[in-house]
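What follows is a pair of complexes built around chain A, which joins chain B in one and chain C in the other.
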Partner chain A sequence: MNTLLRRSFLPVFNNTFRGSCRSFADAAINEKIDKIVKNNKVVVFMKGVPDAPRCGFSNAVVQIMRMHAVPYVSHDVLSDENLRQGIKDYSNWPTIPQVFINGEFVGGCDIMLQMHQSGELVEELKKVGIKSALLTAEETKKEMEKK
Partner chain B sequence: MVYTEEYIKEKLTKELDAVHVEVTDESDGCGAKFSVLVVSDKFQGKPLLARHRLVNSVLQEELKTIHAFTQKTLTVEQWKQQ
Partner chain C sequence: MTSASGVVANSIRNKLQTALETTHLDVINESYMHNVPKGAETHFKVVIVSDKFDGLALIKRHRLVNEILKEELKNGVHALSIVAKTSKQWEESEKTVESSPNCRGGFGK
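Let's turn to the complex of A and B:
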């Protein structure tokens, strides 16, 4: 009788307990990410760090940011398993890297690359008061031509 | 589950009413790295992020094991211009 009771009762207890523990952790990481993306104009969640990206896609995003001379905060998802899953849940986006501008999810590597190529990125950065280095370079060139 | 180019092509074509789909397995056969081009009028009027989200949602299950995924999403008109 005792075993039977345990068998039927324990799994339920275990599931509920684990379930609530997990959602508690989820809520904590969600809140943490929310703070990070809202307190910084540009945030990149990537594999590795800007000086040593550990994935080609993350590297591509770093290079784009460098080209535009964008000041940004980066977070390495490889050093934090909670963050790695948490960021995917937060933005409902399945892959890393992920870029946020002004608290809004902008996209991953493909989108950043296409926005860079189309000139849209320069505009998006302008909206949040960041002047792309490519724009500055272009203006300098025009100035030189005038003279 | 290892996904093939054909499998992904068929699924995207069907779910997105795509007129043209190109799928390339860039993983040397382990099925974890793909790049796709999808041409569909379901992308009409949708910004890039929404288009990519649409593709991601079709491959929600598959993307749990596909490690690297590159996509290009065009409307029929954009495709013709290229």
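Let's turn to the complex of A and C:
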């Protein structure tokens, strides 16, 4: 009787319990991400850290940020499994890296690369008060030519 | 550049072709560049030319592709690099696509 009870009862209990735990965790991580992206102008969710990216796509984004000398906050999804899944759910985007500017999801590696090439990134950064180092370099060059 | 064959590659190709009525489509399996078993289908690059992209911002094009390949992305495909152009943009471009960046370790999956 005891085993029968356990067999029929435990799965139900387990499922409900785990289910509610999971949605609780989801809500918590969602809130955490929301805070991160809204409290920082530029945020990069990546694999590894800027000094040692662990994925070529993440590395490409880091290099683009470096070229423009963008100050940004980075988060390593490999060190936090909750964050790794949570960020995908938050932005409804299936891959890492992910870049946020002014709380808004901008894109992954492909989009950043294209925005960099088209000059759009310089404009987007300008909107949030960040002057790209590429723009500064260009201005200096023009000044030199004038003289 | 040859298009990949494989169960997942074929499924990706069929879905994109049907949903986007592509005028040019390359499905490239880049898994060999990564820390995965031989013959794996985990890392892909897709070059899609479709007039359904007309008037859509880049991020919307990517979201559209992600949505079409939702199942694949949930089941094993973990990197997807997307080039999405309209036929006009494709004609104006050099019609070559740079290869993806090298792997830097990842987690072996």
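The rule is simple: the second predicted complex is superposed on the first by the 137 of 147 C-alpha atoms of A that agree within 3 Å, B and C clash if a C-alpha of one lies under 4 Å from a C-alpha of the other, contacts with A are read in each partner's own complex, and residues count from 1 in each chain.
Note that in this section contacts are C-beta pairs under 8 Å (C-beta built on N, C-alpha and C of every residue); 3 or more make two chains touch, one makes a residue touch a chain.
It should be emphasised that the depicted structure is a prediction, and the values quoted were computed from it without experimental measurement.
Trainee: In the superposed model built on chain A, check whether chain B and chain C fit or clash.
Mentor: They clash: once the shared chain is superposed, the two partners overlap in space.
Trainee: Using the touch definition from the top, say if A:N59 reaches chain B (first), chain C (second), both or neither.
Mentor: So A:N59 only meets chain C here.
Trainee: Have a look at where A:G48 lands relative to chain B and chain C in the superposition and call it first, second, both or neither.
Mentor: The second partner, chain C, only.
Trainee: Of the two partners chain B and chain C, which one touches more residues belonging to chain A?
Mentor: Chain A has more residues touched by C than by the other partner.
Trainee: Return first, second, both or neither, reflecting whether A:L78 touches chain B, chain C, both chains, or no partner chain.
Mentor: The answer is second: A:L78 touches chain C but not chain B.
Trainee: When the two structures are overlaid on chain A, which partner does A:G129 contact: first (chain B), second (chain C), both, or neither?
Mentor: neither
Trainee: Once chain A of both complexes is superposed, is A:I111 in touch with chain B (first), chain C (second), both, or neither?
Mentor: A:I111: touches chain B and chain C.
Trainee: Let me check the overlay on chain A: which residues of chain A are in contact with chain B and also with chain C?
Mentor: On chain A, the overlap between the chain B and chain C contacts is residues 56-57, 92-95, 105-111, 114-115.
Trainee: Once bound in the complex, which stretches of chain A touch chain B?
Mentor: 56-57, 92-95, 105-111, 114-115
Trainee: Quick check on the complex: what are the chain B residues that touch chain A?
Mentor: Against chain A, the touching part of chain B is residues 48-49, 52-53, 56, 60, 63-64, 68-72.
Trainee: What does chain A use to touch chain C in their complex?
Mentor: 47-48, 53-60, 78, 92-95, 105-111, 114-115
Trainee: Which positions of chain C touch chain A when the two form their complex?
Mentor: Touch list, chain C to chain A: 58-59, 62-63, 66, 70, 73-74, 78-83, 100-107.
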